[in-house]
Structure formats: C-alpha cells, structure tokens
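Following this message is one structure expressed as structure tokens.
We call the chains A, B, C and D, going by the order they appear; numbering starts again at 1 in every chain.
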Amino acid sequence: MILILNENTDINSAEYAQLLGQLRALPGIQVRAHRIEGDLRAVTEIYLIGDTKPLALEDMRALPLVERVVRVSEEYRVLGRHKEDSRSTGFDYQGVRFGQDTLNIFAGLCAVDTPEHVEQMCRALRENGLQCTRMGAYKPRTSPYAFQGHGRSCLNYVFEIAGKYGIRVIAMEVTHESHVEEIRDALRQTGAPTGVMLQIGTRNTQNFELLKAVGRQQEFPVLIKRGFGITLDESLNAAEYLASEGNHRVVFGLRGMKTNMGDPHRNFVDFAHVPVVKRLTRMPVCIDPSHSVGSRSVGPDGVLDLVHATAQGVLAGANMILVDFHPNPAKALVDGPQAMLLSELPLFAADVAAAREAYLARARIWGKSAA
Amino acid sequence: MILILNENTDINSAEYAQLLGQLRALPGIQVRAHRIEGDLRAVTEIYLIGDTKPLALEDMRALPLVERVVRVSEEYRVLGRHKEDSRSTGFDYQGVRFGQDTLNIFAGLCAVDTPEHVEQMCRALRENGLQCTRMGAYKPRTSPYAFQGHGRSCLNYVFEIAGKYGIRVIAMEVTHESHVEEIRDALRQTGAPTGVMLQIGTRNTQNFELLKAVGRQQEFPVLIKRGFGITLDESLNAAEYLASEGNHRVVFGLRGMKTNMGDPHRNFVDFAHVPVVKRLTRMPVCIDPSHSVGSRSVGPDGVLDLVHATAQGVLAGANMILVDFHPNPAKALVDGPQAMLLSELPLFAADVAAAREAYLARARIWGKSAA
Amino acid sequence: MILILNENTDINSAEYAQLLGQLRALPGIQVRAHRIEGDLRAVTEIYLIGDTKPLALEDMRALPLVERVVRVSEEYRVLGRHKEDSRSTGFDYQGVRFGQDTLNIFAGLCAVDTPEHVEQMCRALRENGLQCTRMGAYKPRTSPYAFQGHGRSCLNYVFEIAGKYGIRVIAMEVTHESHVEEIRDALRQTGAPTGVMLQIGTRNTQNFELLKAVGRQQEFPVLIKRGFGITLDESLNAAEYLASEGNHRVVFGLRGMKTNMGDPHRNFVDFAHVPVVKRLTRMPVCIDPSHSVGSRSVGPDGVLDLVHATAQGVLAGANMILVDFHPNPAKALVDGPQAMLLSELPLFAADVAAAREAYLARARIWGKSAA
Amino acid sequence: MILILNENTDINSAEYAQLLGQLRALPGIQVRAHRIEGDLRAVTEIYLIGDTKPLALEDMRALPLVERVVRVSEEYRVLGRHKEDSRSTGFDYQGVRFGQDTLNIFAGLCAVDTPEHVEQMCRALRENGLQCTRMGAYKPRTSPYAFQGHGRSCLNYVFEIAGKYGIRVIAMEVTHESHVEEIRDALRQTGAPTGVMLQIGTRNTQNFELLKAVGRQQEFPVLIKRGFGITLDESLNAAEYLASEGNHRVVFGLRGMKTNMGDPHRNFVDFAHVPVVKRLTRMPVCIDPSHSVGSRSVGPDGVLDLVHATAQGVLAGANMILVDFHPNPAKALVDGPQAMLLSELPLFAADVAAAREAYLARARIWGKSAA
C-alpha cells in the first residue's frame, strides 16, 4: 500500500513525525518513505510493506498529510478475478450450472400469497421449460405496518408444489439467520423436493452479521444484491464477507440504485455494470429488472420498459434474471402492479432468448467465445 | 387514502375495471370514485376508506392508471408529531433527560482499543463535566478483513471504568441482537455502574429484524441513525419499527449522506434536517459530525470543519452530539485521523455552549422558548 | 391543475383565506374548491381552471397548505407524445432520416485536432458505409486552462474533407450562439459540402438563452443532451425550449448521469431511459456511450464496456449513436483514452447491427413492428 | 503531475510503450518513469514535468494503465488559497467590503414584478439599515412557458428606486452577455444611483461562454453559484473561468444540491461547505437559504427551516446571504411561497446578528480572530 502525501509536505514538521509514528505503530507493517524533489515542488510517498490487508483504505486516506492511497494488494481476495486467473467461475447446484457463461431465468412471485398462485406459477414455468423460480416468504417493507410476508408458514407448501412441477431452485430472500434454519427445516419435512438459493436484499447488503451467518453455511448458495446507497466497490466487498466465511457459491445481483435521477423508473437501472462485475470478480451476475424499473410502462414499440431492461442486461452478459410474475396481479399483496402476466411468459422467454443469442453473436464478433 | 388517476382516464376501459377490481379486493377497504369533468379534460379520483394503514404508498402508486397517491392518515404513528399534539417529547434514562429541548454531548472513542485509552477518555470527560460517552465495541467495516471491534471481551472493563468516572450513559453500536444480551450480561456482571444507549448504524437502518429485536426490549433506549441511500422519510419509518415493537425511547441520528457531491467531506452533511425531524416526529435529534465530515481539515479561521458542522447542528436545535475523541489518535484502530484530541475537549465544549446559547437566543427572537 | 391541500386543512383559517387570495389573483384562472369530509379527516382540493400553463408546478407546490399538485394539462407541448397522437416522428435532413424508427451511427472525433486525422476518420467512415460523423470544434472543459478546441479555424477543412468522403451530417457541439453563425459562414465558404447537426452539451442543457437562439434558426437540426444534475423531466423541458422557438427538428441525447454510484464508469449509464424518452416524446433518441462509460475497459468476454453500453442502447430502440473514434488516440487532445480505433470500426458496426437486429426481432415478438 | 500505474504493470508490454509514446507527444512535457519493485508486486509511476496545467486530470486518468493521477501543481490558480498565502481576500465595491471576514445581507425580490413592490422592499431595507438587495429581472425557468422575468424593461425603475433608498449593491442574475450591456445602459440612463453584482445561476455554472464574457468586464463584481449536478471542485473551476479572463472580484454561492436525499427541502442544503470554500479559495462565500430550503416550513420552536439554514451558514463564517423577501408573497410571480415577509425582516436581521456573534465568539475560542 502506498500513501501519497500532500504536495510539499515538510518532512521536518510535527505532523509528518506524527504520521510516521502512527504508521510505525501498525502491527506487522514496515514503513519506507520516498521523496522526489522537483524544481518547484516535492512529492513524498510512504510505502507500507507487509500484511496491509487489515488496513482500510478509508482509514489510511484520513491520516494527516495523506492525499491519496493506492492499495497494491488485491481486493476481493476470494471472489475477485485476479491477474492471469484461469480458474473456472461459478458452481453447480441442484443440477443447475451457475457461472459467468450460463443464463438462468428465475421468474416467480415477489411474495407468496396463496398455494393456488404458487401452483399456477409453477405450472406455467414447467410449461415454458423453466426450472428455477423466485418465491418471497420473508418481505422487508419500508413501513412496519405493511404486509411482511407469510414466512415459515408457507414454506412447506411452496417447496412441495415447486417439487411437483420440477422446479430445482427457488431464490428466496432471508432477512434473519433463523430463516435459514426454517428453510432447512421445511426442506427436511417435505423431503427436499427442490433447492433454495438464499437471497440477501438491498437493505441488508451491509448487514454483516447476516452475511457472516449465511456465509458460514455451505448448504445453500447465496444471491447478494447490491446495496442502494453505496458504491459498487462497497457492495462487492460485502459479497466478500460471504466468501470469507467459507461460502464461495455467491451470485451478485444488480437491482438499480435509488435516486430521483432514475425517474420515472423506480430506481436507476444499473445494468451497464454487468460487464464490470464480471471483470472485477468471478461471480455470476444477476439482474432484477422488476425492482429496477418498478412499473409496467410500455413504449410505443409495444415492449415494457422492464422487458427492455431485461434484454439490456442479457445482451451484456447477465447470467441470471430475477423477475416478478403473478397469475393475478390484481390480487398480489406486494408489487402486483409491476408483475408480468403468465400469458406473457412465453414472450418474455422468447425475448430473453433473442437477447442472449445477440450476446453470443456479439462476443464472437470480438473474438472470444462467451460460452 | 386517495388515488388520483391519469388525466382523461376512460372509465369504460378494461384497465379501469381491473383497477376497481383490485381495490375492491383489498380487505376492510371501501372504494368510492369521484370524477370531475372539465371542458378539455376529466379527473378521476378513487377514495379508499377504512384501515388503509397496511397499504404501502409505493404499491398503490404502482397500480395501473394511478398518477399520484395521497395518504390522509398519519405517518409515523407512534413517533410522529401529530396535529395539536401536546404530549411531551423525550424520556429520562439514568437520570439524564433526552428530549427535543435538551442537549447532551456524547464524546468518546469510535472504537474501544485499550483500557488505558478508555480510562483517559473517561477522565477527560469527568474533568469537563460530561456524563455521557460513545464507546464502540462492535464495528461494522466495509471489508471483512478490517478490524471488527473487540466485542464482548471489552465490555466489562469499559463499563467499570465508565462507572468509576461517573459516566451515566454510553452510546454503543450493536449489529446483532445477541450483542444486546452481551451488554446486559456485562452490566449484570459489573453491577451496572453505567447505562447503555443502543445504537443502530447507517448500514443497519433497514435491518428490520435487528430493529424489531431491539424494539422488543425496553431496558435500553435506542439511537437509530439515518440510512445513507434512502430518503429521510424511509429512515423515519425505520425508526417507527422500533416503536411499533414497544420501545418508544428512540433518538434519531443524522450522520451525512453518501455521495461525491459532499466531497471533500466524507459524507454530505445533512444537519439542515435537524428541524425537519423535530417537526415531523417527537424524537430527540442527534448529530454525528465526525462521520459526516470525516477529517480534521481546518479552515483559515482556525476551526475544524467538523466543529463547524457540530455548531451548525446545535444552532438549529440538535439534542445530542456523537463525536469521536481519542487520547492518542495515532494509535486508534478505527477512524483515528478524524478524532479530536483530549486537549481540544474544553474548547469543543465551549464551542458547543456558544452555539447552544445562540440557538436559545434565536428561538426567543422568534417568540417561542425552546427550553 | 389541481392543488391537493394538507389533510384537515381548516377552511376558516387565515392561511386558507390567504391561499385563496393568492390563487384568485392569478390572471386568467378560475378557482374552484372541493371538500370531501370523512369520519376522521377531510380532504380539500382546489381546481385551477383556464390557462394554467404559465404556472410552474414547483411554484404551486410551494404554496401554503398545498400537499401535492396535479397538472392535468399536457407537458412538452410541442415535442411531447400526446394521447392518440398518430403524427409521425422525426425529420429528414441532408437526405438522412432521423426518427424513432431509424438508426444512425455518428462515429468521429471528440475534438478535431489535425486535417490528417479528420481525413483518416472520414475515409474510414466511407469504407464502412457510414455517412454521419461527430467532429468537435468547440470544447467546453472543466478547467479554463485546458484545450478548448480549434473553433472556427478548423471548420472549413472539416467541412471540405467531410464532403469529399460523402459525409452528409456532422454532429458538432456549439456553446455560444455565435458558433452557429460561424458554422453557417464556413458552410457558405466551402459550398456546403456537408450538413451539421448542432449539439447542445450537458453543461448547457439549461442554458436557456443558447437554446432559444438555436431554436430560432431552422437551418440546422439540434441534438440536445440530457443535463447531468437534473431530472429527466427537466431535461425534456429544456428540449421544449428549442421547439417553442420554432425548431422542431430535435434529437434527445442520453449521456450518463454524474454520480459516484456509477463508478468505475465515468458516469452512470442511463440507457434504460431510451424507451422512456420515446414514450414521453416524439423525439428520436441518441446515446453517447463514450462519455457515459469513459474508458476502454474490457470484460472477460473481450468486449469493451462502452461497446456493451452501445448495444444496450440499440437493443432498447436508440435511434442515433454518438461515439468517439480516433486514428491515433495517443495523439488525441481530448478524451483520447476512451476513443475506439479505426481498426475496430467494422467490428463496432457489426456489433451495432447485431443489436439492432435483435431489437427488431424483439419488437416483433411483442406484436408491433418498430420499423 | 504524477501518474500511478496499475499494479504489476508490465514495462515490456505494448500498452506501456503506447502510454509512454502518448505522454512523450505532449508538448512541453518531460517524462520520467519510476519503478519500485516489491516481493510480490511492483509499482510504476510516471512523472510529468513542465507545464502540466493544460492537462486535464480526467484525461490523464483515462489513459491506459493509469490507476491514479496526482496533480502537484496548484488548482484554482487565481482564486485559490495557496500555501503561506498572506494576500488579503475580497474587494470593495460601491463602498461595501466583500471579503472572507465580512458579512452582507442581500434580502430582496426573487423576481421584480411591480415598482410598488420594489419600493416597499427597498424602504424596508433602509428601515433595517441594510444597503444591499437582490432583484431578479432575468429569470431562467424550467419550462419555456413559465414567466421569464421583466428583463430590461424594469431595470430603470429598479435602479432609481434602489438609489432613492440608499441601496448600494443589487445582486442580479444574468443569463446572457447582452444582459450586462442592458444593465450598464440602464445604469447610465439613470445616473448610476446604485451598483450591481452580476449573478451566474446554478443552471449556467458551466456555461463557460457566459463566464468568459462576464469575466472579461471588470465594472461589475460577480456572484457565481455552485452548479447542481457537479462536484464542488468543478464549480470552483468554473469560478476560475471568471478570474482567468481578468475579473477577480468573484463571490462563490452555495445554494443546495439537487437530489431527493434532501427531501422535504427543495434541495440538499450544503452550507457545511462554507468553510471548505474558504479554505480552498480566497473567495467570499455566499449562501442562498431560500432556494436551498424552498419553503416556509416552521419547526416546533417557531423558527422557519430557511432561517435555521441561514443561521447555520453564518455560524460557519458565510460572508453574504441571498434571501427572498416579498411585500406580498401572494402576488409574487416566482417563488412567492418561500418568500419571507417584510414584517419578518427585523427578526431575520436579529437572528443573523446572533449567529454572526456566535461565529465570532467561536473563532476566538479556537484562537484566531475572524475579524
């Protein structure tokens, strides 16, 4: 790690002595100062050698006299894409491959409401040849007085119905570590007819205790969504919490950033970051067009904005799609108005296929196969 | 609640019928439609009457044909400031009064490192007549590889030393419900020589499970900080989670918003919101200048930016100040560079007193006493 | 326009009387108040009838007692897409069609530097069958000490060379009304060998005097870019300034929003707004991937981020692409490092074609032809 | 200027050779490379020596292999506060001192409407001992269909009335260079009974052509407001445009940043930046609480939010206040609802005096006199 000091720092000053003192007190770190004198100015740099990983960039940046900090060690130690790193990306779960080269659609219910709707949803998925879904049992809501999901009570029937229709993986948000136990318990009771990908929502991206708990188990893979008020770098560091505890089966989810600059969409769609996450890390990248766009607005070409956003993510190489459907949006308890209709599922799948095909064609144009 | 529909909505359309159907399916809600015809346009409004509290504004806004939604019921049911509401604000804890009319300084260590530093800090507080402090034992950090706080292991000595110097209340962040139990346990073991105000940090503002757990206990008051990627309204709703579970002793903390528009400050200082929170709710308002500003930059007038920010908050009626001091910032493990020095504590206290006095004088000018 | 007042507004209060007084003083406006009494609350609304167009929403919203304002008249009067509006979109210029159904690539130099580079660029365009380009002569730069473009002095050779290679339209930013005259003058001197689309950059989106001046002339069509610190709605209103002065040949350009939430891209890519602009207005939509992304970063699939962004915009129906190329980026005076190479132009064109084809296929899937 | 390259850059790579080539092609710049080898990694830095001022940081940052750029030359060459710089700040105009140690209140009309209102306003100012005001004649509005100000037609009476009441300086926004000529002309016709400080609004902060035009004249000082979608650094660079053309009499104005994170205020109040601007530059700092807050909301202590914001700015050392008053807000054509009443002017002045006194007391506490 290198600390670049303010221009013309006086190396005889008390502040400079204090800085060196602070740095020398760091455990396991050697300190070397470099000074380059110019005609009009001088640049001073401090090299920290040794185990600099525990040092937070923000802490170092805040030291007196420090203008900038360069970390020369690698970030995202476990999940990062390192130089000349030929390890494969991704993992298998329930017979489904999740990697930077695959694409899986998770269409389903934002919030589970009734067994009938779960059944209608799963039947439609099977009819369209899909084997993954999303089903929300635990719903974090802005207001404490809003519906918070059916929780444990719906798990058994959700799993049984999913299994009945050949669904292999359900993405399901958890907001407390006990939910993992409840899911495990329900799977045991029902004979594990399906699998679950645990989902960490945007409000919990930096709920590090939850990340640690979910990272400590290795039964279920995890989908972690980007946090809405933080930088991409900070969200990727949050994903690293999962991996640092042992669970390397992590998918990273883009779901839009919260700012009125994204109006009239609910969030500012951030799918241009799909290739960025694939470049910086080895995680498969998921997109959530439903929550990014947040409405069923349709353009003059007859295509919903949220379908356009989906296709944009796929065209840039997205590996997983989380999208809200509902057999009867009028009766949906959460986010019904942004849900797509079951009758639209074949069109949606065809649209995704067109975008995926275009992605593969584009990757071939640029000379490297994506598959 | 009123739904205002898009201009010239066709009441004979399928969409309109669908909307009415959806609304009529809402449990316990009566639906009344109003239509006002103009020469060139027509406005249609739907009134929802009954228990509309479970309906989330965002869900209603997302319904087809809906242009805007007005909730005529009150927000922040427990903590909100309602019309002609003469109930007092605030609460007493450990003999200290926390209300919208009082001011308490919580100077202390961002992160506990050694008993010696805790002792030096507490001694300085007593010498300056202060009886509250902040002491961080559980530290959420961006990187999983950064120092995460001493946790349970430091609690006993922190409480004992605090008690020895007459500290009555320690603000202490918790990031997991088990921390509350650990704090309770340590207080029991040490004979409760001091008190604790539990603190919810900005990364956990919408960690609703933590809020519910902390809200269910009534032994400790809670300081909840604003979340950095969400609106003020959403953060106030998060505070309401605490209250809805039974704990009404809640302080709301401003700590800056994360955006590069605040550069060169670490965050965008948001203390102009002090009077807003006091107007919308009955919570005492805390400011955290250390994390808002994030450096020891000094202006040409010799005053640190973070001291200016502190004074700005106090001048607008802030009720609590959370500020980082350290006996030896060079050895601080977290955020040392933004810490104030113990030798600056008397000046800081004098500065705050000047700003507070100016606040009271200003409140008198406008004709209502603040005290 | 409807003003919805705060809940339980007292119609006998002085404030209410004052509000009515203010409203009645508005010229050419009739005021009608509606009141709906509920069991627990009452809602009051004020209808303003007549020519409400001069009333700014923000002014009305700021009136005492007003909670929300609904404008029932149409926004973007000239450029907006109104209900049941079957007028065609777009325009012809220099034999090139610009509409919501066409796609034109404007590859070229961010800043003109030498006649040799202009010639190499234009030759490459002809070789790839392209007849539009971008050429920057007037460059607004953050620092007054940075290169500001060659201005008038390069125009003659730019136009001559462009004409020589069959370029029909050059997109060229203007930052002062006098530049329009200089361009007209240079075209006259050179015998009008090509055409110019005037470009308003993001720093001037709300430079209304420039917009009015450019809107008053009808010789050149105008490309107006979105402003980076304002909402989409405000940028569309800025476009309306052009049209309200008489120039209806307006293209709207997306170029990313400035916020560190878009890091590591230079700006937050906003191409999910392509269908939004097409839905709200009848303007063709341009995307500027070079300035949105701002680097030549490449993903593991071998595709540049900026090419992915381009394809995302096209896939959602973009009608025009503004993209930086340079024969020798190492010698470019502005933004060289984000420039694509001439050798990449055939690949870029093939990539765009693949994305466009996918767009058309997708539009067919959803049942309406885009072409 | 120093370019710090990506970790482990290969100095034998084609990219590295290309980078060096690009840099060596820069006119008047010498290039020196430094390389520091560690056990696991190597750091390469390139020093650019000579006249690096024309090089834009963003251009250098965008070069291949470059991770970070440090400019060791000084920014804001004319207006910046350089090291050990003991030159005085500020200037005199019309017998009024504008510096980093003074405070001037500019209360007045957001938009001139009638001579009667101008007269009532000016009379109130004289009665309160104030000799500066704001008067808007040219109003940039979001919609082209909103009232745009009376422009030239009101100037003569505004100047005459101001002179009659002893007003020495009027802050007046200009949005086109011709407005300066109109103002000069009107002053000539009326015998220069008062003075004018030209104001550049937030929509024109990066309208560099306007800045250059206004910077070329030295008759009138200039108030430039921060731009709402750009960083503080970029806004300070915009101010430097004025100075680089010759006009050094520049005041910098804070007016809030546009983001919904500032809700319910119209903008996000940014007055914590007052000391930052004073530290980075020698410009006096103005605050505009009216447009920052944008309403007359009142707290439970009886103080308007906008008055709190004003006091916050003053308490941190602001040197100028731009604030909207109106004799009859109900009849104001622009922003009436946020205007203060003439009857509130004495209270406002007393409030500002209390805050200013507290500022001076605070500056004394920290050991340096502000006056």
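The rule is short, and it goes like this: contacts are C-beta pairs under 8 Å (C-beta built on N, C-alpha and C of every residue); 3 or more make two chains touch, one makes a residue touch a chain.
Owing to the predicted nature of the structure, the values given are computational and were not obtained by experimental measurement.
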| item | value |
| --- | --- |
| Of A-B and B-D, whichever chain pair has more C-beta contact pairs | B-D |
| Farthest chain (mean CA position) relative to subunit A | D |
| Chain pair equivalent in interface to A-D, over half of contacts matched, among B-C, A-C or C-D | B-C |
| Intercentroid distance (Cα basis), subunit B paired with subunit A, Å | 27 |
| Distance from subunit C to subunit B - Cα centre to Cα centre, in angstrom | 40 |
| Subunit B-subunit D separation of Cα centroids, rounded to whole Å | 31 |
| Where subunit A touches two or more other chains, by residue | 257, 259-261 |
| Of subunit B, residues touching subunit A in the complex | 18, 21-22, 25, 53-56, 58-59, 62-64, 77, 140-147, 175-176, 203-204, 206-210, 227-230, 234, 237-238, 240-241, 244-245, 257-258, 266, 294-296, 329-331, 334-338 |
| Residue ranges of subunit A touching subunit D (in the complex, touch as defined) | 2, 4, 7-8, 34, 36, 38, 41, 43, 47, 49, 67-68, 70, 72-73, 83, 259-261 |
| Subunit D-touching residues of subunit B, taken from the complex the two chains share | 81, 100, 231-233, 257, 259-265, 268-276, 278-279, 292-293, 297-303, 305, 307-309, 311-312, 315-317, 347, 350-351, 354-355, 357-358, 361-363, 365-368, 370 |
